[in-house]
Amino acid sequence: MRSWKYVLSKLFKAVVTENKRLIKDHYLLTLSPLKKIKKNRPGNFFMISVESGLDPLLKRPFSLHRSTKNGFQILYRVVGKGTTILSNKTPGDILDVIGPLGNTFPVNNKHRNILVAGGLGIAPIFGLADSIVNSPGLEQPLLFYGARTGKEVLCKKNLADISIRPVIATDDGTAGKKGNIVKVLEKFLKSGSINVNEYSIYACGPKPMLKALSALTNKLGIKGYAALEQSMACGIGTCLGCVVHTTRGLKCVCKEGPVFPLNEIVW
Amino acid sequence: MKKKTITLKVNIGKLKLKNPVMTASGTFGYGREYAEFFDISRLGAVVVKGLSLKPRQGNQPPRIVETASGMLNSIGLQNIGIDSFIENELPFLKKVKVPVIVNFFGDSIPEYAEAAAKLGATKGIHALEMNISCPNKQAGWSIFGTDPRVTSKVIMAVRKATSLPLIVKLSPNVTDIGLMAKTAEDAGADAISAINTLTGMAIDIRSRKPKLANIIGGLSGPAIKPVALKMVWECYKSVKIPIIGMGGITTAEDAIEFMLAGASAVAVGTGNFINPAITMEILEGITSFMEEEGISSLKQLKGEAH
Amino acid sequence: MKKKTITLKVNIGKLKLKNPVMTASGTFGYGREYAEFFDISRLGAVVVKGLSLKPRQGNQPPRIVETASGMLNSIGLQNIGIDSFIENELPFLKKVKVPVIVNFFGDSIPEYAEAAAKLGATKGIHALEMNISCPNKQAGWSIFGTDPRVTSKVIMAVRKATSLPLIVKLSPNVTDIGLMAKTAEDAGADAISAINTLTGMAIDIRSRKPKLANIIGGLSGPAIKPVALKMVWECYKSVKIPIIGMGGITTAEDAIEFMLAGASAVAVGTGNFINPAITMEILEGITSFMEEEGISSLKQLKGEAH
Amino acid sequence: MRSWKYVLSKLFKAVVTENKRLIKDHYLLTLSPLKKIKKNRPGNFFMISVESGLDPLLKRPFSLHRSTKNGFQILYRVVGKGTTILSNKTPGDILDVIGPLGNTFPVNNKHRNILVAGGLGIAPIFGLADSIVNSPGLEQPLLFYGARTGKEVLCKKNLADISIRPVIATDDGTAGKKGNIVKVLEKFLKSGSINVNEYSIYACGPKPMLKALSALTNKLGIKGYAALEQSMACGIGTCLGCVVHTTRGLKCVCKEGPVFPLNEIVW
């Protein structure tokens, strides 16, 4: 009767080892699974139960930020009921999690990889940068990172540790250039010295940013990918709740994404 | 009472199941994804996502909104179509050796009948569940589930088209579910499943627009359990054919409540999203309950609260 | 936008209210108990527990079961009767100077009319809310709320008996709430309130008996909010008279959702049990929202999500 | 607009100052209200929110166990969802509470007061004993206390502190007499030396115990009162959910009780 447990693999309990407030409403959660979990890769996400009761009911999706020795980290912002509860977790609390879920960023081994993060988009993009830096034979990636304000530029130390010096833009100019990071990227890509055929772009951020980015990459004919978000129920491709429009029809963000080619996304 | 004397076996008309725990249509895909979480052959049956003759795109996103202890969905019956199911998905389920119940629907009476005939002629399908109740109505579509005369006609047409066990899935959005159950029984259904989702909606107060692109969606999950339980209770009073109870089941206790109200078997929907292995925990819990209470067969539970 | 330009005033037909937040019948007694928690004169109106000509004992206990984000009640319309209300409770409400809406019901059409006539002749009552929808039915009683022909008759009889603003409270346990709303409008109702509780039940798996002595009860609270909101939305599409929205409201955001769906005012029921001062928090929240969004009158919200 | 707050009085927030596990699933919760609350008396109860979310939805009723300098105590047993959540509260947590609610034990100044507690019934009965002991002019009460087993006999030290030596009976005989506390009381009351007209009885405990007790007191013509329980929603007399049968019709436990004359309760 109890033999079903052997197949459980993407379903696990994880203990909170740290839940650190970085700035204002941004937190870094470190989880240590209570059993061996599947290997996770940049782009993957986890569905986390923030509550054992029935309200809130559904698990919340969060991108893998970074793998650690004993588990992984989630970088999140408090926006509603679920994330508020999550922000009150303390070391020793145990959470139900499923994952790793979803696809990964298809890094191009031969290209120079350009990473673009907007706001919390740095959560998966940092992990991607880390993994590229640690992949022998891959060139150091470039990071274009936009935020609302200087204070919300995260991961500065961690980026420095892997020798990445991001090009930063903020809405209010309190860090890096003032303005839109996609504009900054455009300028870079259009500068005479760049051959766009040698670059690939990997992005995560708010919808308007990704939309602008896909307009840009489509115009320049440069290959790019973005991790998307959509409200989710199951996280594994069974409820068909998380679809987005693509040139190949409606696709599930949880299963066929979250990473999609920029030129296939229909905004 | 010794463990070995307990049996979880249950018959839904001609359909014989090793246990009463199945999955609710639309919440378990075609079974494949959950096989990564547990051995799905342990389920009483897998009920697959609703199929139509032709593939369907469904409604526009956003399609999901969480509500208090529940969720709204407006998937709109997106599906790969019967042919693709038979070719690409059914072989996997056959290999797993789990009873397969195919949920299906049509846009017209002939379409319902054609779908049933096609599915009925396919090996490896153990029963059909006819969805006459999806609230994502298009062009008056919902009358199949709410107007007894139409309900009767469409069921009779399907009944003629197939000899597979026929389960009719009822809509809760009616004044008298007992009447609908009786209508289904009289029209030839072998079993009833109850309930589908309640119609509901949610509004974003900042944008001042409905949160679902489709405006209206179906409410499921623990929030609706008391309503579902009462409807199963009413159906049990009104028909003799077996009832598959569903609506908000997340624990063995919930499942047992449905059986006491009159259900022969139960289906778990939204619960799968909360915990992908929930059906196995429910199955274990039912077994433990039977052990504790000295119950050897589910017959001793069915309808016992009446 | 400056605060002083905001008005929360709202008209329900001839009934003029200083704000749209009222209490739902049966959850606020006759007002007295809540006066220990806040100044109840700040409410848009107090809607009192449903009254009948004669006092009523109601159903047997147990009468309350908690459910996921909701509760079932089977009070069964226990009340002190119209005479005792007028003599013992109304004077207090008059003194407080809060608009009083009296919820009432009868066992027959003449009883409904007599009750309405009596209440209508009483000073200090500002409107009547006619309950045709309580799910605790006795002897086919529920047909007042589910059979449009009977609904129409009973409303017309009451309409003749009183000139007070007449609010008809609809049952959600029907196939087509829009039709019921239209029936009420055509029969002379000045306003609609929606919704009453959904029928539901719960079973104790150890005793194998329903948890409520009455077996069936009415489901209320946040669990039903999506259903209630959708029904208000449907009513708004089908009638021109004002709608009082209710069902699961516990926050200002919930209340605003109902207004966006078409409600002119809202009532808070189960929420009062969670927090006795909840109506005041909702009132504050609506005001803040209007300030933030630069809205000066509730007219700018009503039905805006359509 | 905000002036409604001035009338709030029975609605308050309280901080958990201690939540001590006594035995197995029995806990003692000490609450310190964040504002001045109304005076509470034995028999009164409080409705406590165990959760800020919507599940569980309703407040839970708990008897006043004992007043403290900065607040009051609740003695409770974990039986379900709400009490499980309550048992996980730690000092510093803040709970929404309403109370004190309900009536009190109408102590007879001229009689010798007999207190009868069954199981958790000791929660309010201890408070009653304490208050009688501390009322000048009142005779020391007698306490008859039944429990399932010796380990579940609570408040031993506190009772000793107020010089009450309870007559104990346990189902398994592991403390005091073996058997039913009502039987023990009956023997006492029927012993030749007692004039039943000089005694009043105050009881709290499981329904079968109270039923047996009321049969006994009715038979002997001795005046008695019991605190009852019923499922509650509002706790203040507005929902009519918590009624019990009495000789004077259905009465609300929350408002017209929880203490009722034993000879008026219809079982």
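Each chain carries a letter (A, B, C and D) given by its place in the written order, and its residues are counted from 1.
Keep this in mind: a contact is a pair of C-beta atoms (placed from the backbone, for glycine too) under 8 Å apart; a residue touches a chain by one contact, two chains touch by 3 or more.
This one's a predicted model, so the numbers in the text were calculated from it and none came from an experiment.
K.L.:
If you check the contacts of chain B and chain D, which chains show up for both?
P.N.:
Correct list: A, C.
K.L.:
Please report how many Å separate the Cα centroid of chain B from that of chain C, as a whole number.
P.N.:
Computed value for the inter-centroid distance: 34 Å.
K.L.:
Counting in whole Å, what is the centre-to-centre distance of chain A and chain C, each centre being its mean C-alpha position?
P.N.:
47
K.L.:
Averaging only over C-alpha atoms, locate the centres of chain A and chain B and give their separation in whole Å.
P.N.:
Chain centres of chain A and chain B, defined by C-alpha means, are spaced 36 Å apart.
K.L.:
Return the residues of chain C touching two or more other chains; collapse runs of consecutive numbers into ranges.
P.N.:
Answer for chain C, listing residues that touch two or more other chains: 68-70, 221-222.
K.L.:
What parts of chain D, by residue number, touch at least two of the other chains?
P.N.:
If we look for residues of chain D contacting two or more partner chains, we find 54-56.
K.L.:
Taking the touch definition from the header, please name the shape of the chain graph: line, ring, star, complete or other.
P.N.:
Graph shape, chains as nodes and touching pairs as edges: complete.
K.L.:
Residue numbers of chain C touching chain B in their complex, please.
P.N.:
The contact residues of chain C facing chain B are 67-70, 72, 146, 173-175, 198-203, 205-206, 208-210, 215-217, 219, 221-227, 229-230, 233, 248, 253, 256-257, 260-261, 289, 293, 301, 304-305.
K.L.:
Enumerate the contact residues on chain B facing chain D in the complex.
P.N.:
For chain B paired with chain D, touching residues are 68-69, 222.
K.L.:
What part of chain D is in contact with chain C in the complex they form?
P.N.:
1-11, 49, 54-59, 96, 98, 230-245, 249-250, 255
K.L.:
Where on chain D is chain A touching in the complex?
P.N.:
51, 53-56, 81, 85
K.L.:
Within the complex, which stretch of chain A touches chain C?
P.N.:
54-55
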